[in-house]
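First chain A sits with chain B, and in the next complex the same chain sits with chain C.
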Partner chain A sequence: MGFYSSLTVFTGLTVIAVMGVFVLTGMAGLFSFGQAAFMAVGAYVAGLLAIRMGLGFVPAVLAGVVASLAAGLLVALPVMRLRRDYFALATFGFGEAIRALLNQSVGITGGAMGLFGIPVVTQPWMVVGAAVWSVWLVRTLKRSALGRDWQALKTDEIAAEAMGVPTYRRKVEAFLISCGLAGFAGALFGFYTSYVDPAMFGWFRSAEWIIILFFGGINSITGTVASALLLSALPEFLRFVAQWRVPLYCGIVIATINLRPRGMFGDWELSLSTPGEVLKGVRRRRGLAQP
Partner chain B sequence: MLVQQLINGLSLGAVYALIAVGFGMIFNVLKFSNFAHGGVITVTAYAGYYVAANLGWSFLPTLAVAILVGGLLAMLVELVGFRLIRRRGGSVIFYFVSSVTIGMLLENLMVIAGGPTFYAYPDMLAKASYPVLGASVSTVNLVMLAASTLALVTLTWVLYRTRTGVAIRAISADTVTAGLMGANVDTLIGVTFFVSGCLAGMTGMLLGMTQTLFPQLGRVVVKGFIAAVIGGLGSLGGAVIGGIFLGVVEVMLTATIGSGWAPVLLFLILLSFLAVRPQGIAGVIAQEKA
Partner chain C sequence: MALLSLEDCSKHFDGVKALQGVSLSVPERSLVGIIGPNGAGKTTVFNLVTGIYRPTSGTIKLDGKDLVGQPPHRIAAAGVARTFQNIRLFAGLSVLENVQTACARRHAYGFLDVAACLPWYWRKERTIRSEALDLLDRLALGELRNERPGNLPYGLQRRLEIARALALRPRLLLLDEPGAGLNPGEIRELIDLIAELAEAFSLTVVLIEHRMEIVMSLCRWVYVLDFGCLIAQGTVDDVRRDPRVIGAYLGKEYADA
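Take a look at the complex of A and B:
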């Protein structure tokens, strides 16, 4: 595990999880402080199946994703009809409960000591591939009817409901997608480090994902990916100021929210037509006639 | 033994009630859940410790310092974190993220200031415990119970019997209209934050005395949030009931099934509460603004 390969893996995993947060928070406007717990569910279920039952890599990862989807459904069904604050609270409670559960069931999960001996299978290229795939998935979703429903209910839930958007169903779907992506990242994580412990999945990690999202711009996938790359890679190179890392983060976010609430990138998206648009802008600035 | 657990539960519940009320005051006015409250609690606990341990002040002056620091810090938080958003009329989401971030910032500043180590407040009370109904109850718990009750009674008096209190209740009903009627909204919101910060200061110091002092102390704010939800968000009376209920249940659970499993069961209780009675005990449902 060289420095750059592990940096690539951790950044890629952050991108995958943050894409889930983009769907949930950026598009549907819901907050989860328990996303890291779904990552934990994915990591533990996949790891345990691989260790105890000798399940292969692919089925184990799939099982991890399915388990986090099931856990997501358990939280979503009772809570999603309520105010958004309650949802944030319930996910937070879920996160803490999962951590307590992992710490307490020492016989199965190894408790606070952590789970050892997950086979090392994940390679950096796999994570990069998975990250690209998840960005593609979320981009497709954003452009689909589903994505427009989410953005409608984020802006005004009552109006969206009146226009025929099944808001409850759509919110559950957004949450499940984000849980699935977090579980996926978790399963890949376990197969890379071969060791997981409950302290890795505290609510701080969930909050960090939300910070990344807000820094990049909650309406822009491009911005979110850029800020995920920047904010997860930067601290690794700033080890000497490790202590000030989090306050620095917080300062950036507070400044962003107060001074530039749409995030660094606003609504802007990178697309195939971007080079053409840039060119057009240059021409306009030079006063050249439009063809 | 049961009496002792009950009193411990009551005094823990009284602190939860303090948090829930401080939390609920902001919720009433700005309609968002202010998680920066936890950060303020942490900072005041450290401030109290500094004054008590390094300068050797006694209990009451220390408490006054903690309360004052809390109030001023909360006003600063409002100025830095929320005022611009409010001026712009930004959505609730921004308040929420801003408050969480500030909570995190304050917590981490305390990590830098005091290190991740644990501290213990010096003994400031003359007697460690008192016998109550045949059970021995620690003085800190009794002080906690008394101080919280006093604070809540005072707060109720201020909110319902003074001019400022009436104005605060008016802006919590409708900020814009109250402003048109001549209420100075900026000042009143500042006052609300100050009062809520004073409660946080009290909470911080009392928690620091009963538990040990560490940077994550403020995360207890979540318990206050849960208490506020159980009681009914936006109702101060409900917040008190919810806090006391939560405190008693938590102490009882910890005594019977251990502190490891208690969070799991508390989560299940919360979840079933949200499923069965989302409007909380007080039954005032907080409407989402259309």
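Take a look at the complex of A and C:
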């Protein structure tokens, strides 16, 4: 586990989880302070199946994702009917409850001591591949009918319903996608560090993902990825000032809200046509563009 | 036969009786107006029909099928589209995407279709896009397709809301004060537009309006609400002479005079 290898892995895993938060918070406008708990579910289920039942890497990761989807469904069905502010509170509660459960069931999970001995399988290239895939998935979703439905219900739920958007169903779907991606990141995480403990998945991690999202721009996948790369890599380089991590985040939140409330990138997206557009802009400035 | 019929519908909010025993019937392919002073319960009628509120009592039927208790998105899928008094466009989406959102109902696909990039997902997405573009062109909004709705002038926002409603390919279109905030020139355009669209899309239209010129030019039949009760119905001319209607709008002494 060299420095750059672990940096790549942790940054990639953050990108995967934050893509989930982009769907839930960025597109559907729902705040969850319990998403890290679904990462824990993915990590523990995949890890336990590998240790206790000798399940292979791929089936164990899949089982981890399925388990976090199931946990997500269990939370979503009752909670999604609540108003948005209560939803944030309820997910916070559920997240901490899942963490407490992991702490208490010492016989199965090892409790606060953590879970040891998960085989080390995850390689940096796998995480990079998975991160690229998750960015692709979320970008495709954003441009699909589902993405439009989410953004519609974020601005106006009543108008969205009146235009035929099944808002409850769409919100549950957004939450499940978010839980699935968090669980996926968690499973890969366990297979990299070979050790997980409940303290890794507290609400602070969930809040960190939301901060990353807001710093990058809640409407921009490009911005969210850039901000995930920056904010998860930066503290690794600034290890010598590790105690400043929390103040750093607080500073970022205050600066974002005051200076760029729409995030670094606003609504801007990088696309295949971007180089062409930049070129057109340059030509126009030089007076070369044809009318 | 009536496309939309409300029978003895009431809606109470705790003590407030927003609507009391209102019955109306809207024949297929007709244009019907609902008028009345502020707070008479006109928008409440729309909110009951579209399922945003559930009536305290009474029945609502679309083409003989009961709508009461259905969630709004089902009612929209059943063919009821509406606009809102205070324009409610999707601010985060472009003009085109606003219309696409409604178009997508008739070409639905799910998460797995997208994640697996199944061929019908692309095909449906192309259909949705071309239908939405056709509709925008038809309403002379095609040039503005990449704008945010918030950047459009008020009159065009109203028109975009109509375009979005039409994208559902509704049988019944409910227009809530489509003329509010428009200047006289825009009102003329709006009247022609509604008449033209009703013809082209075989629509049944119910409209709430304060502007008498819109109601007079478009509606064969008018219902008048006051304090949640239906006080009159008939042709525009009948209604205008009705002393109860004059009383509701101008005060009782005018009606007696």
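Criterion: the second predicted complex is superposed on the first by the 289 of 291 C-alpha atoms of A that agree within 3 Å, B and C clash if a C-alpha of one lies under 4 Å from a C-alpha of the other, contacts with A are read in each partner's own complex, and residues count from 1 in each chain.
FYI, contacts are C-beta pairs under 8 Å (C-beta built on N, C-alpha and C of every residue); 3 or more make two chains touch, one makes a residue touch a chain.
Since this is a predicted model, take the numbers as computed values, not measurements.
Legend: residue contacts after superposition of the two complexes on their common chain; A:265 is shown touching neither chain B nor chain C. Of the two partner chains placed by superposition, only chain B is touched by A:88; chain C is not. Contact with chain B, but none with chain C, is seen for A:246 once the two complexes are overlaid on the shared chain.
Of the two partner chains, chain B and chain C are each touched by A:158. Shared-chain residue A:211: touches chain B; no touch with chain C. Between chain B and chain C, B contacts the larger number of chain A residues. In the superposed pair of complexes, A:31 makes contact with chain B only, with no contact to chain C. After overlaying the two complexes on the shared chain, residue contacts for A:191 are found with neither chain B nor chain C. Residues 156, 158 of chain A lie at the contact with chain B in one complex and at the contact with chain C in the other.
For chain A in complex with chain C, the residues that touch the partner chain are 137, 140-141, 144-146, 148-149, 151-152, 154-156, 158-167, 173, 177, 219. Taken in their complex, chain C has these residues touching chain A: 50-52, 71-73, 76-77, 81-82, 84, 88-93, 97-98, 100-102, 104-105, 107-111, 114-115, 117, 121, 124-125, 128, 164-165, 167-168.
Listed in rising order, the residues of chain B touching chain A in the complex are 32-33, 80-81, 84-85, 88, 90, 92-94, 96-98, 100-102, 104-105, 108-109, 111-112, 222, 225-226, 229, 233, 260-264, 266-268, 270-271, 274-275, 278, 286, 288, 290. Chain A contributes residues 29, 31, 75, 78-79, 82-86, 88-90, 92-94, 96-97, 99-101, 103-104, 156-158, 204, 207, 210-211, 214, 243-244, 246-247, 250-251, 253-254, 257-259, 261 to its touches with chain B in the complex.
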